[in-house]
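Chain IDs A, B, C, D, E and F follow the sequence of writing; residue 1 opens each chain.
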Amino acid sequence: MAELLTLWQSTGVANFVWGQLLMIAVGCGLVYLAIAKKFEPLLLLPIGFGCVLSNIPVAGIGGPDGLLGMIYSVGVETGIFPLLIFMGVGALTDFGALIARPSTLLLGAAAQFGIFATLLGAVALNFVPGFNFTLQDASAIAIIGGADGPTAIFLASRLAPDLLGAIAVAAYSYMALVPIIQPPIMRALTTKKEREVVMQQLRPVSRLERILFPFVVLALCALLLPSAAPLIGMLMFGNLLRESGVVERLSRAAQNEIINIVTIMLGLAIGSKLSADKFLALETLGILVLGALAFSIGTATGVLMGKIMYRATGGKVNPLIGAAGVSAVPMAARVVNRVGLDANPHNFLLMHAMGPNVAGVIGSAVAAGVLLALAGS
Amino acid sequence: MAELLTLWQSTGVANFVWGQLLMIAVGCGLVYLAIAKKFEPLLLLPIGFGCVLSNIPVAGIGGPDGLLGMIYSVGVETGIFPLLIFMGVGALTDFGALIARPSTLLLGAAAQFGIFATLLGAVALNFVPGFNFTLQDASAIAIIGGADGPTAIFLASRLAPDLLGAIAVAAYSYMALVPIIQPPIMRALTTKKEREVVMQQLRPVSRLERILFPFVVLALCALLLPSAAPLIGMLMFGNLLRESGVVERLSRAAQNEIINIVTIMLGLAIGSKLSADKFLALETLGILVLGALAFSIGTATGVLMGKIMYRATGGKVNPLIGAAGVSAVPMAARVVNRVGLDANPHNFLLMHAMGPNVAGVIGSAVAAGVLLALAGS
Amino acid sequence: MAELLTLWQSTGVANFVWGQLLMIAVGCGLVYLAIAKKFEPLLLLPIGFGCVLSNIPVAGIGGPDGLLGMIYSVGVETGIFPLLIFMGVGALTDFGALIARPSTLLLGAAAQFGIFATLLGAVALNFVPGFNFTLQDASAIAIIGGADGPTAIFLASRLAPDLLGAIAVAAYSYMALVPIIQPPIMRALTTKKEREVVMQQLRPVSRLERILFPFVVLALCALLLPSAAPLIGMLMFGNLLRESGVVERLSRAAQNEIINIVTIMLGLAIGSKLSADKFLALETLGILVLGALAFSIGTATGVLMGKIMYRATGGKVNPLIGAAGVSAVPMAARVVNRVGLDANPHNFLLMHAMGPNVAGVIGSAVAAGVLLALAGS
Amino acid sequence: MPETTLIADSLSLMAIGMGTVFSFLLLLVLLLKGMSWLAEKLAPGGVEPLLTPAQVSRNGQTADAELVAVISAAVARYRSHRRQ
Amino acid sequence: MPETTLIADSLSLMAIGMGTVFSFLLLLVLLLKGMSWLAEKLAPGGVEPLLTPAQVSRNGQTADAELVAVISAAVARYRSHRRQ
Amino acid sequence: MPETTLIADSLSLMAIGMGTVFSFLLLLVLLLKGMSWLAEKLAPGGVEPLLTPAQVSRNGQTADAELVAVISAAVARYRSHRRQ
């Protein structure tokens, strides 16, 4: 009978803690959003399932000797996984629209205001009893406004590993909500006339420009902001694999095998950080509120900068494309396209929005570099 | 001339030990079985070649600083490789037949008796002089009866790492021998009338059921047997990747890239544990005998449970499908199909045997969990 | 303002060291060669970009906590990456031509004289002030003459890690230069009549021969030169995956996923060893000179052995195929074909040159084994 | 441990083990039947409700995105070619 | 650290941060314009010299291959459905 | 180590090295000839005996298994569609 007791003491029923049950429900909720609502399923499904697995009592799957815990320490703590994903993003991204019209980088810059406004908001939350964010925490939370998953995970793993789970969940959730969050803000800030602007065709881009592009971006980064060099460097390396045209094998590996394998591992590993004591805290609520704020402010400042460019160019730039500056590639660009079509059924803004869209990726990597350099130590 | 002496002392001829030569012959034998007899070549070929490589004197390829030794410590000692393979198995497996007729789970349960009978047999062998199996050893050997490679390797790496090589070899060899071991037992235990039973068409299964399935299985496992959660969890995660329909990229990665890469590494790493002092021992002989016993008993109890269901359902269940309960997917199901066709040329049992077949996978993972929980510490 | 100062102190401009700028230029030069001149782009592009990334100040990407530094210590220091690439090479290589005409192995042997002549040259360079190569250094440099990237990296990582960067760069650069370096030497050493020799059709090779081949090579290696067993073993394992015909999945994984992923990682990691203090040294100049020497001597001795075989067989062997013995697969074989076509427009030597070409791979792995065994400790 | 204790231990392990395996899978039978009943309640009509053609195409979201990107790039290149 | 210091710190971080992001991307605008000017100098005629039609189709190799695979599978399924 | 010792060492290394490489590959020539002779004995008729069409199809065992799985799934889905 001793064995029966041992067996009973090793069951989940005998060991479940209230918080674990709640976290399993949270994990199932994430999987539900991923499958039924198509919320960034490539990340949220593994994160949700990883959360469920790690909150099973006794098994310790998320612990230091468990599968997910080991994956976390090898791939996330070291920053390797987000960087490899960034390489894949670079290999998947066509920067042609940005090269053809570099001025759209300013839209990508403006949209990063969402990050820094959120930083202030996070610190201000400390006046509310129960919140106690450090500058590092606030920086990691703020990067949600960058609307860029790997950047957020990379920064959070460096500045606030304890908040990583909540930050990653918030980042991907809000990216999925871009089609809901952005349009009202875009419509509120623009006139119908502005939304109807048909933009000039983009000029063709030569292969030489595409090959030089990674080096120009990386050179600037090396000179001004080396703390952003790992992110920008791997993004540009991936892009060079793609554009060089001589390493097709490697480009395909970066775009498929590597990014797919790493995405599974990264998602599971992040899920393992969704434990009750860290996720079921007041901070998470604050992070979710701040994240929504970040996206909204970023969208707004992007559109406002679009309006400035509309004026400055005598009406040649459709201010809607500023909303794509938050990144969330390619969802934000598609939202721009849709809102543009609503105003003028013959106005296809997709290609024009791709410029600010990919500029937003560079912009939030730069912002991450600043935060690392100033709040990092 | 000093160099000539050094060179001579570094040759294999000067360093070969009798046992290494024998083990190289064993490795070649495994490769022969894999290539000429098509014995589970995906595993046995790398295992065999890994065995050859690790038994080359001086080179130390299987040692702590050698390639195979390093792969072993990173991937097998930690349990990572079998779990990743289980994820791939989940992504490759269609549980539809099981969902359509859950009662076939009982066949999968019955066939696990092979495991526990073998456990007793292993312990009983201690009465023979020269054998000295602990309860841990016996448990790891017994799991061969589960007819499931990754489960056997996972359990053996936890309970009896010294026996891992022999256990893995036995498990895969007997899986390859399923078409030879099973039919006589199946025929001996059933009447021609029973074997001729044509089963009712399986009902279609909805997508929602397929998506809920992994959660139901995992929930039960978390409540009752968390020690099986790593195995069941990764199996169900892989299956959810497959059935969710929203992460096609990840599902393909789990089914191809990851499982292929890990299979090569796992095979080589297991091969590195086939050293003379551990494999050329009396224990190995015992393990081989017990393994054959385990398969036979599992097949028999599966078929007997099939006969019970035949009676209970008034002859609607063909008892042959019970033999598929040992798992060995999909070989056992095909054997059932073939034996069924022998009795009745219009009787296609393949789809009906898939239910107990995949039930056997879950069943042996559950059995592994029990052994881990009770014999593990 | 303190932050502005912090930010300024964290910029690259404030931290660049002269040597880093030079190394970034070197890295860009390698990328230029890879893209514009198609110099072994699969390796030189990642090496060049890795060099650029690692020489960005402050970021420390090549340091112990940086991405490339971590990849280096996991994959190159341990020897894992070159061995996995060798497995892929084996899976990609058809040894049929060698099996059909084993005597071409002698051409592969003769061409390795480039290695040992360079060893002497490297040691002789010590008479020049500023050079101070040890026997280990000289051996690692000499292996450049083997014209085989993974072998060179494997040996250098074992004997002279400090020189690894320069050696890898030299090895791949000279492999890319094979079409320029070899033809004049080949023409100088042969008469037009010799170059015009049309060789006899190769006999077909049976599947059994192809399957036995890896075991024969490995057996000899195990008996005579176990220090070469990791290299030869993985090469033959890859080839067995290919030729066994029963593990198509694994063969494809070795030929594609694994080799592509590892190539990216290996290239970046090697690039991280191109630091100013190690690369911008007199030694590098010596290595470059010695590398060119090694290729030239290897080509010459290969052709001379070809002339011996021409005489010995009464003019049945075209001596040009001896030049393919340096390996550099398949470039050297193609060069042979082209020089042959120049002499006789109906003389297709490609298949005949594949024998010595793949023999050269085995030959330089054997040479690496000798160097490891004698200079290794 | 003397052999007899070990035998006793393994006998009880066998009993408890088979008991657990059977209980587990028997419970799973019940749960799966419940699950199927629930699934039919939530989404009556079996396969259909969850997998409409519209949804199928939405499933291919990422593929879609890539397709759009590929096509736009192709169009852009085609135009640039024609102009020159 | 008292909240007010933190607020001050984050305000200065915001100012410096947005300043850096804007300066960085503004400089990048200029550099990219310079780069395009240089590229036109080095290889006049834009796309042509480096990117012939043959090369374009080679670039699109993988997407193309997947597309072909997807379409063939779809066609095969469609046909098999119609036949029954 | 003085340069001259090093030179001596490398000279002997050269001699032994080239000797080993040549011996190794010369032995390999002999072994390969033996192997081909043996292979012809074991399976006369060259390529044919080991690779009959039947075996080729058996090589595709796993592919076969997957095919069966795929087809069964497709059939099951097709049926479920038709019924409703």
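Rule of thumb we're sticking to: a contact is a pair of C-beta atoms (placed from the backbone, for glycine too) under 8 Å apart; a residue touches a chain by one contact, two chains touch by 3 or more.
For each chain, UniProt lists the protein as follows: A, B, C = Oxaloacetate decarboxylase beta chain; D, E, F = Probable oxaloacetate decarboxylase gamma chain.
Just so we're clear, the structure is a prediction, and the values are computed from it rather than from any experiment.
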Shared touch partners for chain A + chain B come out as C, D
Computed over C-alpha atoms, the centroid farthest from that of chain E is that of chain B
When contact pairs are matched by residue number, over half of those of C-F recur among A-D, B-F or A-E in A-E
In terms of CA centroids, furthest away from chain C sits chain D
Quick note, more Cb pairs in contact for B-F or A-E? It is A-E
For the copies chain A and chain C, the interface residues, called same if over half of the numbers are used by both and different if under half, are different
In whole angstrom, the CA-centroid distance of chain A from chain D equals 26
Cα centre of chain B to Cα centre of chain C, whole Å, reads 41
In whole angstrom, the CA-centroid distance of chain C from chain E equals 34
Expected list for chain D, residues touching two or more other chains, is 13, 16, 20, 46-47, 59, 61-63, 66, 77, 80-81
Residue ranges of chain B touching at least 2 other chains are 3, 7, 38, 42, 204-206, 221, 224-225, 245-246, 249, 257, 370, 374
Given the complex, residues on chain C that touch chain F span 98-99, 102-103, 105-106, 108-109, 112-113, 115-117, 119-120, 122-124, 126-127, 134-135, 138-139, 204-209, 212-213, 216-217, 219-221, 224-225, 245-246, 248-249, 359, 362-363, 366-367, 370-371, 374-375
Chain A partner, complex, touching residues on chain D are 12-13, 16, 20, 58-59, 61-62, 65-66, 68-69, 72-73, 76-77, 79-81, 83
In the complex, the residues of chain C that touch chain A are 3, 6-7, 10-13, 15-16, 24, 28, 31, 34-35, 38, 41-42, 45-46, 49, 52-53, 56-59, 61, 65-67, 70, 256-257, 260-261, 263-264, 268
Seen from chain F, its contact residues with chain C in the complex are 1, 3, 6-7, 9-11, 13-14, 16-18, 20-29, 31-33, 35-36, 38-40, 42-43, 46-47, 49-51, 59-63
Per the touch rule above, chain E residues touching chain C in the complex are 12-13, 16, 20
